[in-house]
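Going by the order they are written in, the chains are A, B and C; count residues from 1 in each one.
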């Protein structure tokens, strides 16, 4: 029987032995390399692991570097476009596939929408390289829009997921009530569904933005003359002389991503699950 | 590289570019870290042209991208053996640099190479050698031999990097076994193949980026190009360049204009 | 009259209209995906049956050479045909490293997800945020960060040397170990998030009941918690295994060119290898492996009915 006189800490239902330690190790493991990277971006010396004092020179260098500026602008340009287009498309698709009775072809639609998540990037990259090369040599049409289409396509599933999740959590009752009050479908959508769905849409857009900004493999294969993005620029630099400039760029990108993720969390917090 | 020769190359190439440009922009496809930013600035102001540089790190990548079409490049800078391929594949535009003004600055020994007789298509960009890089802190012996990479001494086994360029590695291997680099002799090729397969276990990587990696100790010896090794030596003075006595190659990269460039201008 | 199979009149019209509306809504997304994601895959399949061009590209002539070369190797010197050693080794390395990575991320991710899920509600989002941040940083940055940690003059080697534990740096970079560490690092958040999602819904009254029945902590873990979060385990494993199988950047940077995975082998064919059909055939092979893994996932979730679609 349980001894009632012995003092011992209340039995915690939820702890498991050793889990706390492993979790601690996990966080250390996750952050140590990143922190090292960030710290060395302030290195006054030329090399990445020999600390020679504090300096902002690499940030100055990165900002002044024309190739970096060009790549950064292109990355942002692509990311904004990809996130907007993919969010619009994903919202429509989510509306068409959620809160509805299963209809023929629904599984097929799911498969297609989630396909970029399942297919390894290298395979998509190769496929797009072949396809676009064919189109370019037949028509001779160049342009950034090949990249835009490619990015939009693989951002769709990422935008789709939060929108769908949000939509599933929305009770149909409000929309039915609106219909009872003789509102047209369009009006219902505009004044009931959309405002309620908005946090999900924002989340989808931000996800799409970050995913597009980060893409390396597909962009590397599909890009043609002068179409460097920030990640492909860094990949190129990694193959040559690596200076802390790359740490500076990485830190700035990291800062941007953190900002976006913060916003995401803030929105989710504010609008509930 | 002779300084005088360099200036000549710069001006020759500069004028060569000028012949290409009609509409104020130039797309240059070149090796990474290979174009002097000063040259580009000078060119841009002199001819009022915007230059975009895209880089590649291997001849095969460049060839594949150009061949696939739709790349948008005007000028590419392949190595000597690949110039021949570009010519054969009918990808280059015959601009006759040998008839251009500044051709007289091109040193005589480079005026009539076997890969572009009479220089109807290309202009020299840079030349150098490929050889053996060794960190003499790790290995004190003789570095002027390619046995360092093909039959490594103990101290270097497992610490060797090979340049991932097919033609250069095969060429060195063939010379090492006493044959010629461009042979089709199957017996020799088989010997070279077996040599490479046997040596492979002693290598640790086959990667670019020696200039950064070698001074940091990622490996202690390599088969690599002289320019990069020189820069590595600036970072760590114990890194030295050896000229293998069994034979080594002189490489030359050449600028040529792509046929696609003209098509785009004319449209 | 109404029966199960057909509804009559206005109800049926509404159903048809609704289905049509759903298709119309989904159509634009599907078109873009077909053009830039699914469609191109068919082209890859077609290319795997063509002949390789001399310097890259393809020649439109039917050939099964590419598929032959995936599995077999014909020695050009003595004409003997053997099993394609190098390809098999690369394939095995890919499967092996992906599996190990999945296992390790599970070992580390499970406790982590559990601890986060059992924090008080208020702090939970903070911990989640901390876990997600590395995930949203660029893949290159993360791989590069690991490079700096494990190379010969990197964090670990310098640290161990300073502490006097070793004399000379341990060669960690350019090994299978390096690739595995890199992939674990890159894909860890992908394992933690689905696990957390599952654990968050865990009904702890079941756990309490088990303890009331004198179960040990270990037993509770093994027989209550794990089975209840199985969907999360499976989802996380899939989310780690599949991308790691086709990994390209991480093995490239950390493997140094000698230790290749399937992704690198494929890329090689489109570059120095000059064998696009072989690259296409290898891509299809990779895809087949992924499909197989997915099929196992679908099959196992079907045993767990109650997963809401």
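Everything below uses one rule, namely that a contact is a pair of C-beta atoms (placed from the backbone, for glycine too) under 8 Å apart; a residue touches a chain by one contact, two chains touch by 3 or more.
Keep in mind that what you see is a predicted model, and the values were worked out from it rather than measured.
Common partners of chain A and chain C, by the touch rule above, are B. No other two chains have as many C-beta pairs in contact as A-C. We define each chain's centre as the mean of its Cα atoms; on that basis chain A and chain C are separated by 17 Å. The mean-CA centres of chain A and chain B are about 38 angstrom from one another, to the nearest whole unit. Centroid to centroid, with C-alpha atoms defining each point, chain B and chain C lie 37 Å apart. Of all residues in chain A, those that touch two or more other chains are 49, 129, 238. With touch defined as above, residues shared between interfaces to two or more other chains in chain B number as follows: 68, 207, 216.
In chain C, the residues touching two or more other chains are 153, 270. Per the touch definition, chain B reaches chain C in the complex via residues 58, 60-61, 63-64, 67-68, 85, 89, 158, 161, 164, 166, 186, 189-190, 193, 200, 203-207, 216-218. On chain B, the positions that touch chain A within their shared complex are 27, 29, 32-33, 52-55, 57, 65, 68-73, 207-209, 211-212, 215-216, 231, 235, 263, 267. Chain contact summary for the complex, chain C toward chain B: residues 53-57, 77, 151-153, 169, 171, 173-174, 255-258, 270-272, 274. Remark: chain A residues 11, 13-20, 22-23, 25-27, 29-34, 36-37, 40, 48-49, 85, 89-90, 92-93, 95-97, 100-101, 103-105, 109, 112-113, 115-116, 118-124, 126-131, 134, 149-150, 152-154, 156, 160, 210, 213-214, 216-217, 221, 231, 234-235, 238, 246, 250, 253-254, 257-258, 260-262, 265, 268-269 touch chain C in the complex. For chain A in complex with chain B, the residues that touch the partner chain are 47, 49, 67, 129, 132-133, 135-137, 140, 142, 224-228, 236, 238-242.
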